[in-house]
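Labels for the chains are A, B, C, D and E, by order of writing; each one numbers its residues from 1.
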């Protein structure tokens, strides 16, 4: 007899026979990415707890099963397969880096299982088995560039981590720049986890750009901004727009180094509205008053609610039915109303630019007014033809 | 001064010494003789504490030192010159000596008098010990042991690799130290002439057991040779 | 079939300005057993090091027709030059048998190397007997007593089939009978080989040396038969010591 | 010109950081042959010490200065514990220390995560250390880097003095070179080992304090830099402090110059190639001690 | 048990292989689900790497902390071919179109379209690199800790190099989404099973080869070189060559393992070849028993299995347990798990046997003498 793990070839159906339904949480709890991903898991758990308290999904309590992706992409793939095949979860929430998403994508597609990916990313992707609840490029990076342009900036310097998201994002930025008369004065990458930015900052300094567009991820941001400040570069003279620094990262870098710098996101802890008040309050109550909320946490929290709404609309946990029911599903999220775009499996999100304050919070200085329709392949942007 | 009582010792699962008794009286020289592999070095290692006896005791000056670490035994007045011209190769000759003189009362003087005994070392003080010739290293090793001004000196084949005229000097030195300063010596030596001239008593060790003992002196040579050939 | 003797001309070894061997000329005929003596630090080991390629030297060292200086250690060894070391150097985690088998095998082809040893080769068996370690064939070399290690080293030279043997204090730490046995073994070996022995044991020298060279401060101080050398006052002065020389003379 | 000056200084400061980390290794690895992969976690401990201190001493400058000796003691104590519990059983198999301490480093990272939380934490630097000093024109150098450079110089001098002017240096070397002989020469080998490990690990703690000025303070902060630091010790010549000093600054310069002309990745690869090439020339590192013994 | 120890070694070896084959080919597939079997396939790939490390390190004293590099070379060679095959003739792999700024396939990719070339490259490429590096390094007598740290830096450099060339190597992502294997669809569990069987067979074959190498005169010579490289030189051997053979063979095994890993797991990425996985390879060997033939296999599987099992059961705290396992086994059981067998056996009888071989004596001598 096999070890009690029944499965059928090509598409494992979720086990919903009991009075609970299992979902998988796939985040790095160890390794270099744990600094960011643990908080995402915490946010998912909060949503699960709230939903269970309110009666669960289709009358079943959610049973979260957490796995450690260990900041290692092949491990993400192994754990995804385990969640799908052994635990037979109805959906998986998690992944942060695009590299981890790329590693698990074939696993979800092969097994016809669902992943909810909660982090802003580089676009140019559309897997039938992934729902993207973070921003795609036209909801974050393009508005960020528009904002710089509106501020009269004529040139930028690009700094990023050396992996898919920053490299692809920068490709898009360069296409945008060319079409919009923005000069790109330089482009530099540091390996993930790298903390030696002396040379890069020196290059940035001598390039004398009007602004820096920062796609660094994780630890590197801390080193970059400390170096930036020490080199005498200021937000006033040469602002940095970051797309991967949220409240959690701000807290760990320190406002000493960050005050006045810009970020592009869809959500800030300071975003107004009753849904966010409730979210922030609940999060702090559960994890501590000093713990900030951030965009990826919010997107992950929202993802669980969106999945619940889709399941309820479909009246079933079956993947194909859930997918089928997804189009037009809405949720009154902390960031405001979000709507699922069934065609791309991304969501409509409001774009926001924020400025980091002395108190470590980010306050909005601009928003798109209404949710922006997701356009992962930037089909609606003439300058972007030829990118994909 | 030193009493080794019914010591059993060995390596891993092999036993080398099977209940050895050896005594060194105050101010006397005791020689241990025996074939290769008889366990002579093992006996000295047990005496200084590099090897834990499985049974038996080591008494030094009446005190049971069986459980003490080597450096504690040295602090009580034991010194040991291991077989094989050992030194600290990356330290200079001088540093090899200073190492032992450091923090010791009268260390400086002891160092100087050790150098008097081996004048050849004077020209080599700045050379790293690992570069010395075998005999030079052996002289260094004996000098190092003497710096602690020990009450008991354990010598494992001290003349091995040393030129004849220096051997004679070492012999003189050992005898005079034993006579004058009350130094006791436990001597393992293949050079029978030297061993018996120097020793007040001898023990023949065979396969880890003392098979014959007697008074030293050149007169003992035929008896020892007989004991060794069986 | 003697391969020719050892012929050294103007050998000089310098370490950071310190001249350890200073223009030594030395000839050892095939079949000879040459003893090399001299004070500690005279340069005896260094001379052997130079011949076997361990240290850089100038001058000339010929074994038969072949110049040895400038060659790699392992190439010199393959030319039939074998040596032992003042402090035994064995493969401590291999057995006695394996030590010998390796010593015997430098000339083996890759095919033989990749196969398992099925039986004890004859020369190895002979050496095991000769060095009296047949009973400890399967003992790890690292656990041998000091003297046994010296024997094993000699055994390794035997199977290595070296034509020129350079032995650095081979009997140090051996008992009297063991020295005798070793000396006799050397006598046998020397029949068709060239042997150079470094020793401080004068008894041993008197018993087995055919010719003697005395080094002092890197130079040849004296050379000749045992009697000639022992009688040389310079040798007595720097090496034997008067007292020792007398007492040994009495014993002899 | 300003660029070149800027990069020169960047090279020096990369070298200073490398050296600060390598100093402790120069003792534990260079002198004792222990390949302590948990050295990075001792650095982390130093950084977290700074963080904890700031919870009570709010003045950034005072807390930074106080942190230096306290971090030294904290990391040093961790080192002693490690030596006592594990390392001392491994002196006969030095390469195994790498594997054992790797396991320790995994546990310490998780411990930090459980105590301080997975996200990085923040310390406040004294304002002066977030600014830069102008050298005229466009050239300016970061005060934090100057501070670290000063700290390194101080540490090198102190360590050299300890090793050269006290018997300690001789004893440490003697114990590693021949443990049994050291013991029978009257040296308490256990205490010497522990003291050495205390100082070596303590230096990691000091490096941790300094790194709070430059980079993140989190559970994995120690892992990235440690390999480079080991290379510094190896290339400098194991057991040779002066070698580490020269090599640290040389590698820092090389990296800064190449990185400026190419990219960080290319610079790292070129540094590696340079190291292999260098070891072709000097297989035992920049400074070596030869002996006559075989093997 | 006694009967077993006294048995003719040849017979015992045959029995051992028979038993191994039975476990790998009959028991495991019968008892394990497809998912667990595919995990086992992955562990067996690590075991193949471990066998090579056992030879180079356990026997040869070469602590190679860069086996990930060779694993990666083999893996990338295989993955490049499979990606090209997936894309079809004349097309570029999907990721290149997405991230690359390239209009056509880079020249160094082209030969990998040929299956024979790619297959040969999986083994020969790592061996060639090992040969080049080994020649430089061993001839100049870089060894002990120098060699260990250098090989570790090699792994770091290789990772940085791969990550920096996203357009042609896939960068941090590596090469993912591999679902064909020489015409077979890897999504099909039957084909996955076939891959498992291939891996198991290769492992057994390499074990037989390694056993012969270890028992041969070469194996003895290798230990001799580990103990005293200089002494070997004086016997007329060139120790650099002796080490080189072990290093190159180990590299070839790691390459083959990498190549087999790709169809088994469907991904090859820098995360699999850097410092961390390279150390984990070595730890597996140490945990199992570095000097024994089966120790490395046992250890590699045990460590990988424990990692999976512990992280599944204790996702938040498994690193404590893993770390503790490394510490306890390596520090307190130097002979590894394999030595437990010997200890049990010894407790029953008591004939004197040589002390356990502990490996890196060579380093002690080198640095400390």
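Everything below uses one rule, namely that a contact is a pair of C-beta atoms (placed from the backbone, for glycine too) under 8 Å apart; a residue touches a chain by one contact, two chains touch by 3 or more.
Values in this document were obtained by computation on a predicted structure and should not be read as measured data.
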By mean C-alpha coordinates, which chain is most distant from subunit D?
C
Could you work out which chain's C-alpha centre is the most distant one from the centre of subunit E?
B
Any chance you could check whether B-D or A-E wins on number of contacting C-beta pairs?
A-E
Provide the C-alpha centroid distance between subunit B and subunit E, rounded to the nearest whole angstrom.
50
Taking each chain's centre as the mean of its CA atoms, how far is subunit A from subunit E in angstrom?
36
In angstrom, rounded to a whole number, how far apart do the mean CA points of subunit C and subunit E lie?
44
Separation of subunit B from subunit C, taking each centre as the mean of its C-alpha atoms, in whole Å:
28
Which subunit E residues reach two or more other chains?
160, 163-164, 227-228, 230-231, 319, 354-355, 361, 369
Residues within subunit D bordering two or more other chains:
109-110, 177-178, 239, 263, 265, 268, 291-295
Can you list the residues of subunit A that touch 2 or more other chains?
29-30, 162, 189, 191
Residues on subunit E engaged by subunit D in the complex (per definition of touch)
63, 65, 133, 136-137, 140-142, 144-146, 148-150, 152-154, 156-157, 160-161, 163-164, 227-231, 275, 279, 282-283, 286, 317, 319-320, 322-327, 330-332, 334, 358-369
Which part of subunit D faces subunit E closely enough to touch in the complex?
29, 33, 35, 37, 86, 89-90, 92-96, 98-100, 102-107, 109-111, 114, 176-179, 227, 230-231, 234, 238-239, 263, 265-266, 268-269, 272-273, 275-276, 279-280, 283-285, 291, 293-295
Can you list the residues on subunit A that touch subunit D in the complex?
29-32, 34-39, 162, 188-191, 193-196, 198-200, 202-203, 205-206, 219, 222-223, 226-227, 229-232, 248-249, 251-254, 256-257
Subunit E to subunit C touching residues, read off their complex
212-213, 215-218, 220-221, 223-224, 226-228, 230-239, 354-355, 357, 361
Which of the residues in subunit E end up touching subunit A in this complex?
31-36, 38-39, 42, 98-99, 101, 160, 163-164, 166, 171-174, 176-179, 187-189, 265-267, 269, 271-272, 276, 308, 311-312, 315-316, 318-319
